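The data blocks that follow each hold one structure.
Shared chain: chain A. Partners: chain B in the first complex, chain C in the second.
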Partner chain A sequence: MSAAPQKTKSGAEQIEVTVSAVVPVNDLVTRFEFSRVDGQPFPTFSGGAHTVVIMNDDGRRRMNPYSLMSDPADTSTYAISVRRDDAGRGGSLFMHTQVKVGDVMTLSYPVNLFSLDLRARKNLFFAGGIGITPFLSMIAQLERMNGNWELHYSVRSADLGTYADDLKTKYPNNVHVYYDDQSQSIPLTDLLDGQPLGTNAYVCGPKGMIAWVHASAKEAGWPDAQVHSEEFTAPQPGKPFEVRLCKSDMTIKVGENESLLEALEREGVDAPFLCRGGACGQCETTVVSHDGEFIHRDHWLDDDQHASGTKIMPCVSRFVGASLLLDR
Partner chain B sequence: MSKFQFPQSIKSRPVYGTLAPQPGKAHLMIADAEGAEALLDLAEQDSTIMAQAHIIFIPKGTDFSDKLRALSPAQFYEGPTYEASIQRIRHVLEHAHQGLQVYLAGTEGLMGQAQNEAMQAGIPHTSIQTEHRGSVARRMQCVHCKGITEDVLFDPFVCSHCGLNLFVRDHYSRRLAAYQGVCIDAEDPGNIPDPVELYS
Partner chain C sequence: MTIQFNNETFRDDYSFSNSDWAIKRFPFPFHEDSYMYSVNMEQHRGGPAGSVYEKRFDVDEHYVAEMRDRALVLADDPLRCQSLPHMTLAGWDLLELIMVSKSEDYPDLFELHRDGNRWRWVNKPMGIDDTFTFLDETTLPYGPMEYITRQAQGDFCVLDQRDDMLWMDAGMVTTQADWSLDFDIGMNFFEWHAPVPLAHEMGIFQRALKFLLNIQQGSPARRLNWTMTVNPLLDTSPENYHKWGIQKTSLTPENLGAKQHLRVELQTFFRLPRSNALVFPIRCYLCSFQDLMTMPKWGRRLHRVVRDLPEELATYKGFIDNRPMMLDYLSQYDDGLSTSRGIWPDLETEPPLQR
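What follows is the complex of A and B.
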């Protein structure tokens, strides 16, 4: 037996919290600050970590991952910033419209899938829009360590530049903001040229921006291991489908507006998970047999694995077809 | 023939590949002896990278220098030994920028040590290309006295520092750029198998 405590349920350990502040940052983004119900200090975390926020939306359980943006060394509070997505599945809308100061909610322990490489000689951050959030905790961590960093932050406009003014005021020499509405863009090719050996690049933002940074860095001869990115995919709605579960010996239906993982949880099946955004790999499930097409949306499995039809990530991926048999 | 296919071994043992041109701002190529042939093959795949190439070559008695010079690299340096070339390697790495590609070719000792320098300069080992050519001799560390014996070709061998009879293991240290040599007659002093040439 291992001496480590044995987990009884899937997912990271959970913390009961009270919403201590709800601060509108701009038209789209609101910051939520939390304190612990039991008054204990929060666990410290590392810059770039996220928490899964568990919401009780009129009986429906929503679990969305958000990057922790507070100072990792501040154990008195956790903070997240949520961008309202009017076309999304409703998690961000619930946060914006329903959550009030004093509400009790549940957060997961921090999980980090986007950590700093502390061997880096220099850290080059590329943020797009709400993708700024993980960098806020990374910057706080690096400032304590006297770390070498610089931020290149692309925003739509000054009004929607979440924390852009704060950052520019606090770190005028490190922060560079580019405004879309003034036709400014990150001079990526120039920035990737001439960086000291051992520089690590990090990108968080829209899908296209992440692909752009990876491709440009590769073209400029940067090692893959020194270009980091994080993208959470929200599960997309799709046609309902049926799944047969071997180990649990049951057949379940996945509804139009729920993910396969959520359907498993609704039926009481203890399925592993962490990020719920197709990034961490924790929920990887073996496909025993299938007759139909997979709609893979994760960033975990590679193209060959997607094509093989032997694995699925239930947090974001779906299935269309006659039958699907899972080893769960 | 300077190529040798090492048999499958434990995970610790380094695996070498075949040099291939990669996009980059500058190309640092370090080779010894028959490693020059790997650089010649590399230049054949894409001669344009030579305009940004810096070749550091240790001939070890071979006569490849003129052929390498004929590739017209941006810089060419011929060093009498690896030790004599370290200053230059460190200088190049110290002033290099992201986008530098590193190509190592030749003996395991040279590649291991040069890889170590590149790693300390901030390049992940997964991005450093290597191709083994020439001698299968090894750089060995005596696990007892920690002394390094270069170019070990027989197993067992005598530690050049403490004189113990050492068994040549495939257990490799990336940090030391050396294989581990362990006393072979500790239990039964004097019972030493006849030395056998590596991979003979």
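What follows is the complex of A and C.
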């Protein structure tokens, strides 16, 4: 309609925040709490939502998605928990080693790609490791609504059981923790059997665990629509490659330690994005032509689309070959 | 400005009328001399002062009369307002969105006082002053969605989002262009759009759904849609087709300018925070052809759009039988001059009718 055209900028709305607390939770995980610079309340959100944290790492802009783990009804603060990834590209290390109380940072508005099915008669949660974080806000939301939930949480050891003790203390009847180092594992087959009609299952954790829950639920006759998962993929380093951009009429180079999306942004190309983890679909880009192999790492395109070589998700996927031409 | 609310009706004697102010700010939907479907979305972040795009929820001179008409429709047919059990939280989200927006955008008309979950809501035009507990349905006379949409112009569809799909799981629908909430309740996005011609083949709905699923908190969007209505009727529902459908045969060359109305929907889309649902307000604006013709640009353009509209669309929008008579009327206001781009009337720069 072009009534009052306004340029749409990429990504969600942003909020300036001050780091109000940095709390080590265990050897790998640290919690970061934020307050708003402008003193306004934070937007309330729905359990399972994430925020994209924008980091200024010595002039290099890093943007990583983290689940919001605070109570959605508490508009005075947002909190995230970050697991240190020593082999990653540096976002989590930056958070762990550089971010101090009082620092000013930028967060995106909440975005939810892992929301509760509010029709569910019962919510069955499966968490692995740092995958516990979205469930913390879901549990807070369900507790306010008198929701029916149960958590099965797999951790490496008691020392690395992020929030496991807190949860067991607070909700002794709902929370079940399984310790790898004691050879305990989630009795998935039994749990999927005999749940009341209208139960929804949710899983967040390592890739293998997500696949295990989906496959087991399918085997047990669960409808796909009642099994929900969220997995953010961190962009992986890879061989540098060149990309020709039709619309922008330029050729850019993607470095070893940056994603295609980051290279686009570095060159001032306005590319859409939201989650930056291969889950939301917002950055989907059409491939005009290519001579080489794609390294698809997203969860958005299906297998046929991956095989067709006509689409790429620049936030996590890469390319190896002689030439790549994108409609961007 | 303080709005003078009209004492008018949208039924029986049809005393509805637009003031000069309302005509000037009418959301004329055609930005060029022809029309075809498009996913014509843009951000809903205000607009020119005084325009219908300026506020999150536009309030105009028809507010009080429209709310009176809604109450009459609901008294006859309570199923115009429905909310499936899992949508109550989305209803509270919507109540908060409307109360916060209206009290901030129209502080002289609406007040919201919040003390924790103890809220006091003052709606001066409707003489309402209620205190209630947020998220406690027992403290309101209706469910939260019904309560607030009895006080807000336009229809409201509250869409649940699951499995990368939108579901029509709640709504308040009394000013609709011939569709039924009672029929569509529980349907998904493709199901409730099934009757629309051409757009499916064009891939419009796939693109629109993808856009809507990605609307985020804090980033509302909007678009316009339109149709034609004989007499200023808000409730053109399938349930009441036997009452209003027949009125389409009452047009004559003499009464057409006054009776034939262009009906424009300002559709907006907001992500709701607690429920992650999407609310889709559909605000209806009516303007008679004779009032539209006071803007020379709109006269020229409306003639060309109606003349060149594909037959399927004229049929779907319900005016194929009256199109020849409408064209006879509209052609008097088309002198063949070119028109400026965009939807605005450009009264100062567009030449008067040259005949």
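The criterion applied here is as follows: the second predicted complex is superposed on the first by the 320 of 328 C-alpha atoms of A that agree within 3 Å, B and C clash if a C-alpha of one lies under 4 Å from a C-alpha of the other, contacts with A are read in each partner's own complex, and residues count from 1 in each chain.
In the analysis below, a contact is a pair of C-beta atoms (placed from the backbone, for glycine too) under 8 Å apart; a residue touches a chain by one contact, two chains touch by 3 or more.
A quick note: this is a predicted structure, and the numbers were derived from the prediction, not measured.
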Open item on the list: Going by the contact rule stated at the top, is it chain B or chain C that touches a larger number of residues on chain A?
Closed with: C
Task: First (chain B), second (chain C), both or neither touched by A:P72 - done: second
- [ ] Could you look at A:K218 and tell me whether it touches chain B, chain C, both or neither (first, second, both, neither)?
- [x] first
Open item on the list: Once chain A of both complexes is superposed, is A:L192 in touch with chain B (first), chain C (second), both, or neither?
Closed with: first
TODO: Please work out whether A:R121 is in contact with chain B alone, chain C alone, both, or neither, and reply first, second, both or neither.
DONE: first
Open item on the list: Just to be sure I read the superposition right, which of the two partners does A:Q141 touch: chain B = first, chain C = second, or both, or neither?
Closed with: second
TODO: Give one of first, second, both or neither to describe whether A:A87 is in contact with chain B, with chain C, with both, or with none.
DONE: neither
TODO: With the two complexes superposed on chain A, say which partner A:A322 touches: chain B (first), chain C (second), both, or neither.
DONE: neither
Task: chain B and chain C contact sites that coincide on chain A, given as residue numbers - done: 119, 225
Task: Touching residues on chain A, where the partner in the complex is chain C - done: 1-6, 8, 12-13, 43-46, 49, 72, 109-112, 115-119, 141, 144-145, 225, 274, 280-282
Task: Touching residues on chain A, where the partner in the complex is chain B - done: 119-121, 192-199, 218-226
- [ ] Write out the stretch or stretches of chain C touching chain A in their complex.
- [x] 27, 29, 31, 40, 42-43, 45-48, 51, 53, 85-87, 89, 135, 160-163, 210, 214, 216-219, 222-224, 273-276, 342-343
- [ ] Going by the contact rule at the top, pick out the chain B residues touching chain A in the complex.
- [x] 22-25, 93, 96-101, 121-124, 126-127
